[in-house]
Structures are given as C-alpha cells and as structure tokens.
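Naming follows writing order (A, B, C and D), and every chain is counted from residue 1.
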Amino acid sequence: MAQLINRQSRGVYIIAATPFTDQGAVDHESLRRLVDFYISHGVSGLTILGMMGEANKMTGEERRAVIDTVLARSGDLPVVVGVSDPGMANLAELSRYSMDKGASGVMVTPAAGPAREDRIEAYFHDVCAAIGTDVPVCLQDFPLATGLPISSALIRRLSQACDQIVMLKHEDWPGLAKISRLRGDETAAGTKRLSILTGNGGLYLPQELQRGADGAMTGFAYPEALVQTVALHEAGRREEAEDLFDRYLPILRHEQQPGFGLGVRKYILMRRGAIASAATRAPGPKMSPTDMAEADRLMARLARALQGDLPRL
Amino acid sequence: MAQLINRQSRGVYIIAATPFTDQGAVDHESLRRLVDFYISHGVSGLTILGMMGEANKMTGEERRAVIDTVLARSGDLPVVVGVSDPGMANLAELSRYSMDKGASGVMVTPAAGPAREDRIEAYFHDVCAAIGTDVPVCLQDFPLATGLPISSALIRRLSQACDQIVMLKHEDWPGLAKISRLRGDETAAGTKRLSILTGNGGLYLPQELQRGADGAMTGFAYPEALVQTVALHEAGRREEAEDLFDRYLPILRHEQQPGFGLGVRKYILMRRGAIASAATRAPGPKMSPTDMAEADRLMARLARALQGDLPRL
Amino acid sequence: MAQLINRQSRGVYIIAATPFTDQGAVDHESLRRLVDFYISHGVSGLTILGMMGEANKMTGEERRAVIDTVLARSGDLPVVVGVSDPGMANLAELSRYSMDKGASGVMVTPAAGPAREDRIEAYFHDVCAAIGTDVPVCLQDFPLATGLPISSALIRRLSQACDQIVMLKHEDWPGLAKISRLRGDETAAGTKRLSILTGNGGLYLPQELQRGADGAMTGFAYPEALVQTVALHEAGRREEAEDLFDRYLPILRHEQQPGFGLGVRKYILMRRGAIASAATRAPGPKMSPTDMAEADRLMARLARALQGDLPRL
Amino acid sequence: MAQLINRQSRGVYIIAATPFTDQGAVDHESLRRLVDFYISHGVSGLTILGMMGEANKMTGEERRAVIDTVLARSGDLPVVVGVSDPGMANLAELSRYSMDKGASGVMVTPAAGPAREDRIEAYFHDVCAAIGTDVPVCLQDFPLATGLPISSALIRRLSQACDQIVMLKHEDWPGLAKISRLRGDETAAGTKRLSILTGNGGLYLPQELQRGADGAMTGFAYPEALVQTVALHEAGRREEAEDLFDRYLPILRHEQQPGFGLGVRKYILMRRGAIASAATRAPGPKMSPTDMAEADRLMARLARALQGDLPRL
C-alpha cells in the first residue's frame, strides 16, 4: 500500500497520459505498459487524470476504470488522482472512489468563475469539506490553463488553514519568484512546509530546484531526464544536473507547447514503445506528417546528444 | 411527436432550469411540474441541459434521466437538448440519446480553446460529422460565458456549409447589430435563412425582435412575459409589446446577472410554485437573506406594476 | 475651490463624455456646454477622462487641455480625474497636473497584467507613493473592462493601509453582495468607512443604494434620473426612488451596452443639445441609421413615460 | 537611406529594448550604444517601440525622441517602428512621423476589444487607410499578449486585400502549423508572398525556419545567436544551425518568460555593456539579488558552452 502524499513529498510525480486506441476507447493494455514504463524510469509517483490525461473528455465510468487499472499496476508507488470537475458532487465522488482504491491523494484546480481570490479561497475550503479532511490535496496552480491566477499569499493561507493541502503543483508562469517567496515564508515560526512540485512541462526545472522546489510533477515523455535531474540536484551536483537537463531541453521545449504538445508527447511515448497509439480524443491535437517528421528529427538529435558522456548518479 | 427545429422556428424556447432537492439530487417531480409550468405559460419549445440548466455539474446518467423525464412530459412541444461537452464522443453520444428519445434538435457551443475562427469553424464541422447530418443544430453564440466571440461572417459560413445548422441562440453582447447584419445577408440570393432566437436573459428582447429575431431562447422565471412580448410583436403591436416587456424589465435585469442570476431565477420559480427548492448544485450561487428580501421586493413591485391595464393578445 | 473627495462623499459624480468634432478634435466649446448641462441637472461632482471619456485615445496635451477647460467651468463642483495609464510616471504626472489645477481627487484602475491579488495590491501601494499621500484616490473596480477582479477583502486592505484611498467606483458585476460585504466590514471597530459610488451605467442603482452605496459614478445621458433617484432614496422614499428609476430603465439598459453604449450616450447627449456632435474617436462605435432610429424610439418612449405624474423631491 | 520592408524581407530584425536611466528617463546615450551593439552583431534590421520596448509607458514626445535617436544612428539598416496605440489618430501620427524620419515600415497589433475576426479585419483596413497606403505594415500576431487570436485565413485575407501588409511578426503559440499553412497557401496562383519573421523570444527558431519562416523579429540579448542560426540555416547547414541555437537555448528560454523576461534581458544587455542600466519603467519587472545571481549563473554556463568548437559561417 502506497504512502499518502504529505508536506515532505519529493521527487518526480509523472503526469500520466491516458492511452486511447485509434477508435477512441481507453487502451488499458497500453495503460499498464505505460505504468511499467514510468516505473522503469524511476519516478517517485504518478499523477493520473490531469489535464494532460484528457480526463475532461472521459465519462465517469471511464475515469474509474483508469483508476482501477493504474492502481492495480502501480504497487506501492504513490498515485495522485486529478479530480477537478465543474460539479462538487462529482469531484467528491471521484475523490472517494480514488482513495478507496488506494490513491495517495487528489489534485484539484480552482473551478471556473471570476478570478477574485475570495471566491477561489472559499472554493478550496468547500472542496476540503466535501472530500473529507483526511484526504491529502495537491493544489494545482496553473493560470495559463485555468485563467485563475493565485497569489502566493493565498496559497499560504490555504496551506495554513487546511492541514490536508500538503502539496502545490506549481505552474504559474513566470513563477520562479513565487517559489522563492513560498520558501521564504517557511522561515517564519508556525508556517507549515508545503511540498512544491513543478509543472510547465519541466521547462525551468533546474532553476526551480535551485529555488527550493522538491521535484517535478509534469509529463515529459523522457521521465528519466526529470528523474536524473532531480537526483543529481539532490546529490548536490547542481551543474551536472543542469548539464544533463540541457541536453533534453530542445525536445522538452517542443513538447511543452500548450495543447499541441500533448500530440507530441503521445507520439514520442508511442515511438518509445510505451503506448500503442498516439491518438488523442477529439477535440484534440492531431500530428500531421510534418509534425511527425519534426518530432522524429528532434528525437534523433536527442539520441546524438546523449551519446557523449552523461553525468550519472 | 414534436417537430424538428428548422430554419423557420420561432417563438419562445424557454431555457429550463434543472430542479434539485436541498440534498443535491435531481428532483424529477419538480422537473415535471416545471415542464407543466412552462407549457401553461405558452412557450413554443423547451431547451434543457443548457448552461443555466447546470448540465456540466451532472453525470451522464443524470443528464439522460433529465432527458427521459422532460420528453415524457413535453408532449408535442419541441425540446432542444444542450449537448456541449469537452469530449466529442460524449457530445455525440448525448446527441444520439436525445434524438432517439424524441428531441427536436441539439444545442452546441464552441469547445474551449483558442478563439481563432478557423479552430471554431473546424470544430462545428467536426460536431456535425460526429452527430450525423440529420440532427438539427442550434449554435449557441455566447462569448461572455465561453470567451469565444464569433463573427457574423463565420455564423453565416457555417449556416451555408452545414444544412443542419438551422438555428442561432444569439447572445453576443452587444449584439443588436449582429442580428441586423445576419438578416441583411439573407436578402442575397442563395443565402439560407437562419432561425434566430435571442438569449442574454431577454434583456434586449423588443429591440432584437424589431431587428428581425424570431423570438427568445432564454430562461426568465416569468415565461409569460417573453411569450406575450413576442406575440404582441408578431401581431404588429410593437409599442404594446414593449410596454408589456418594460413592466417586467426591472426584475428581468435583476435575474440577468451572470452566475448569481441563476440563484434569483430558481428562487422566483420556487416562490411561483414551479419547483420545490431553489437549490443550485455546488459550486453555485446561494441566496442570502438579503438576496431573498431583495428578490421578494422586486416580485412585489412587479405584482403592483401588473395591476394596471396590460396589453394582451 | 472645490472640496477634496473623502470617505463621506456621496451623490452623483457623473462620468463625463469627451466631446469631439466630426473631424476628431476635442470640442472645448461643447465640453463647456456639457459641464453646464451636468451642473444644471444637479450632479454632485464630475469624473473626467475615465474609460467612457476616451482618455486612452488622447495625447497628454489633449488630456491636460480637457482638465483645464473643465476646471475653469466647474466652479466649486468636485472634479475627479481619471489618470490610469500603462506608465506610472505618466500617471503621476497627470495626477500632479490635475491636483495643481484644482481637481478633488484622481481615479485609478489596476494596471494590465496578471490578476494575482498580490500584484494588484502592490500596484496600488506604488501608485499612492508615486502620486503623493495627500492626493485622494477613487479605486475603480471594473473587472468586465480590465479583466482584473478584486475581492472585497483586498479593497478593504487597501482602504485600511492607504488613508488616501477614500472612494470605490464599484462596478464589479454581479456586485450587489460586494456592497453588503464592504458595508458589513465597517461595523467592526477600527474599520474606516469607504465612499462607494456605483457604475455599470446605473443598471442596479436602486438595489445598490438599498445595500448601502452612497450614490452613483456613471455616465447616463439623463443625469437627472440618477440625481433624483439618489435624492428620493436619501429622503427615505425608496419605492418612489425606484418608481422613478424604472421609467428610465429601458433606455438606461440600452445605453449600458459595453463599448457600443458610448455611441448611444453621445447620440442622446447631442440630441439633448449638450454637445454638438456624437462622434467618438476611432476606433470607437459608430451609430448606423438603424441604431439612430432605435435610440430615437427609446427617447420618444421615455418622453411618453415621463408624461405621467412623477415622484419629485 | 534604408530600404522599405517588403514581402521578401528576411534575416533578424532585432526588437530593441529602450534603455532608461535609474531615474526613469530615456537614456539616449545608451540607446546609441545599443544600436551599435545590435549592428555589430550583424542584425538585418531593428524594430523599436514594440511591447518589449515599453512604448506604452512613454509619452508621445519620448517616442518621437527615440525614433530620432535611432534613425540618426542606424544608417542604412531598416528600422520598423511599433505604432500600436488605443487611438487611431495617435497611431497615424506616429506612423507619419516615423516614415518622415526614414523608417522602413511600421508594426501594428490589433486594438483591444472583442476577438471577433470581423472587428479585427475592419481594424486593419482602417489602419491602412489612416496611415496611407504607401506605408509598409508588419502585422504583429501575438495572442498571448493581446488576447486576440487571428486565424491564418484572416492573415491571408488581409495580406491579399492590403498590398502594404507585407510582413507578419509571427508569435502565436503554439504556431508552427500556422507557418506551414501560410506557406502552403502561397503555392496557389495569385497568392502574394508574406515575409514571416518569428517572435516568442526565438524559442522555436530552428523549427520555424524549417517550416518556411524568413528569420526572426525578437529581442534576445544575444542577437548573434539569432543571426548565426538564420545564416547557417540559409546556407543549408540546418543541423549546425540547430546545434548552435541549442547552446543558447537554456538562457533564451529563461529570457523568454513573459513580463519578467524583460528584466532578464535588460540585465544581460547591461552586463554585456550594451546599456548603462537594467532599469525598466514602472510598473515593470525588477530583478532581485536571487534573480541576478540566477542570470549570472546562466550567463556563465553559456560562456562555458560556447568554449567548444562552434559552427560558424
């Protein structure tokens, strides 16, 4: 049984894609293979049914089936389940289902509506009440996708007021100063530590680690790059961590394109043998022959870049 | 069996609220009462599971149950079903279910994403292909809610290219010139007529009718006001139509507040006996005692305003 | 010399249009006439160079000339000057110019940028430092136009921290509960009163007054309607205040359309003889013959509605 | 005298920062030094008074003074002037001033307002009429900053209808497919070629060149990286172009952060001796000691990366 996420959680929680067949059904066989792939690359945890997991295009039944398959395969690896939903009852039900099945926590993004911070603050209090105060929450702060910026002061207030809000999926952009500010807060007595895992496809991972992030929660199709960058950083080998990261940066920045990047990511996962089809559910990105050739080229360039001596732990 | 909506459809298609119990379950008994209420006030059609119907907070099962209850009660009144969904497969499945059960058409709003018109245009073509070309579509143009403005030129292109896009739910704001432009287009040979029903809570209904709208598709808790305004207008009694409308305007503009207005609407529907509880699903507006007293006062003022001689058809 | 605005300011501060000639020059002769027109209708103050004053389409010289003309004509009527600007130095310079010429305060809206409340809070502190702590500030809260919602908690924090932030131009929408919350705050010891004047074209003025607003700061082309509504309300004749207001509501809601409404407003001001031309500066709304006929009709309907007995103070 | 920009323009048009003194005045001495710096690194043109040039925080006089200084220094290098302004008259006047002083064209972004493509299309037609049909226009397509996405179909319509719209500053994101589509259009008879220079800080420059872009129009503080990447690409040495580019990518992606990145850029320009102070005008990004150390570290890493053999033309 996996541990619950907590305020000390660290490492790489990979955002898992959801594999579909070319006909659009959830491909559970590929999903199992994908879990194995992530585990084989040393991730510390999995996050499923996030935005990049196309959760909002699935039915409730399908989401539950994905939870079942992943949790049956992930062993004692912590699994965080994205439960964001326009309806609070659906959110709470999916949270309950996830925790019953052995999830380590849930991820929640603010519900759509005005960006006023009082509304967002009340929303998270309501979420905590609805799911039960024993369920650990990862708060996803992704204004580029949600249109809802949140100040570090509000994140801190929520972390202080709600014991269960233990983790931040940080993907405000630009957001480096936000990490410094949140870590700065924690030097004050009585301030609870937050686990901070960063998103944005990993685009600023070395800088984020240097400012105090605990790792990454993102979905790069080369999870080993994230894992090794974090490990080298934790070993105090910061320049080497960044040397390694920089070799992956060209393809990482290509995959990080909003919306379209999911197509690239699934294409690479398919080419790496982790899933059978690169299909996304409609409406979703489709790779043209040009797009595929471009991705192939970046993969080939990466392969060459990795031939030289690499820093390893 | 109700007629399908078409390019000549006119009158008032009332946007139906979805009644919930105080515990949050769909209240089917109230739903039947609400259908009767709308019919008794002379509406020409019903539109269910729209934004104000809180469809995005329901499960697929609940949506289908609402369709069943309404279509079992609505007799030969046309019913349009809102089928917008982040996932195309879910959208198509709900459309198929609706039409199989006897719906007269479906309503679709553009999927979230960049506001580029080429994306929106392609999306509607994909929708038409996915639901089948025999299903009549009402295109909902509501940029305040979707963040996706659409030019009249694009609406026209879609109406010309897709025979099944027969109706526009017009709620761009400001949008009076858009109606004039769309009707102006239709003087050109080969341009197909669009049924235009207007939304925005009815705030500009007399002006919209004068510019060529065919009626309203909105959810005011006094449907008789919309019905009589349209009827008087159609009878050529335009000043009287507006006289009548203006008596309702103070409470209509109160109900038209975005988001919060749904709370007002359900409160009035409850006070009028159409539904048992004013509850909305979380996250949703909740009426404070001040809000209720304010609504009571506006209802009392309306009752007094209606005591004088009213124009009637 | 007019009094500075303060935390007790009340009444109607009319948002003044800026008259242009058909060739696009500032029409100072009309501007003087317009000031006289507003004064003759009993307003308590003027607000110039706001959004509806098209300030962002004028050069610095033109803005200063408008300030000169208005302040030379307004006598002891308080004049608030909109000084919002993408650059802090420009904002501070215009503020200094305004106060030197005898303005009673300045109006500021948050600068464009992320909607995070920490950014907006810091911005207003910077503004206060830049313009000098002796300059009274009216904080404009207009998220529909700025895209920057502000919670009542932040407004309160700013009002408490900055003595000079004495007034709120309230036009969040929906925003009635915000007034109640702000007034509720003030029952706590040590909480400073805020003058709250409401905008949004006046669409909810009676409700806003009933919830504790001190008056209106908006630009309706029938300022007498706002003045009399506020006066009747202050005299405790609330139903009559609303009766009077409701007669104007049909044309007020027509003028309140965002963007386009400025065209209607200037057209009515021209037809009422307050300015020579209805021209707006490009890019700005232009009235088509249909638009003009529609406005004419609403003006004629208003004239008829006003023929009956009117509540008067 | 520099050539006007045209449909065949190519290379690197560097977006010039505007240097300020620590007190906030335009630093003309640094501006001259900066022009020399850009020229010494081989740029093909300059673009001044763009968003990153902080033009919206300057007065009209200041903008004209910047134009004077740059054009007196730039010799026969083409200079494009950003003239976007909320007011059409101001835009036209600045355009006239620029062209009179010897500019090679103007850059225009859509005016704020609804994102409907008909409005944006009409706006560009109005701009062309207002500035005169002999002034070459670079259309800036930057939805992340403007909130106004434009389809490639609209760009093409404008390019066909307005002979003077000769260049696209492409910075839609993701936008690679847009370049392919625009170049695909041009295989049709009668379709006029557009010069396409790409922005977004250069983040995807190699991919953009491979899809048919003519170069870059962005403001990276290492202009030589852009110049050499484009030169190697044009020489058919595509892998080497990308090898070189990738060495700069870590610091380029750091500088590309929206808003904050301008602080980084000016800091690097200062450290490279191109300007005297890294100050931005308020409200603008300020570099903390942590931010500066982080930038120093990335500069040092770049210096090391450049020590190996570099592909050169």
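Basically, contacts are C-beta pairs under 8 Å (C-beta built on N, C-alpha and C of every residue); 3 or more make two chains touch, one makes a residue touch a chain.
It should be emphasised that the depicted structure is a prediction, and the values quoted were computed from it without experimental measurement.
Q: What is the set of chains touching both chain B and chain C?
A: Output, common partners of chain B and chain C: A, D.
Q: Name the chain whose C-alpha centroid is most distant from the C-alpha centroid of chain B.
A: Measuring from the centre of chain B, the most distant chain centre belongs to D.
Q: Could you put a whole-Å number on the gap between the CA centroids of chain A and chain C?
A: Computed from C-alpha means, the inter-chain centre distance equals 46 Å.
Q: Between chain A and chain B, tell me the centre distance in angstrom, where each centre is the average of that chain's C-alpha atoms.
A: 38
Q: Enumerate the residues of chain B that touch no fewer than two other chains.
A: 114, 259
Q: Name, in rising order, each residue of chain A that touches chain B in their complex.
A: Per the stated touch rule, the residues are 24, 54, 56-60, 85-90, 111, 113-114, 123, 126, 130, 259, 281-283.
Q: Applying the document's contact rule, which stretches of chain D touch chain A when the two form their complex?
A: Touching chain A from chain D are residues 173-174, 176-177, 180, 203-204, 207, 210-211, 239, 242, 246, 249-250, 253-254, 257-261, 288, 290-291, 294, 301.
Q: Going by the contact rule at the top, pick out the chain A residues touching chain C in the complex.
A: 114-119, 143, 148-154
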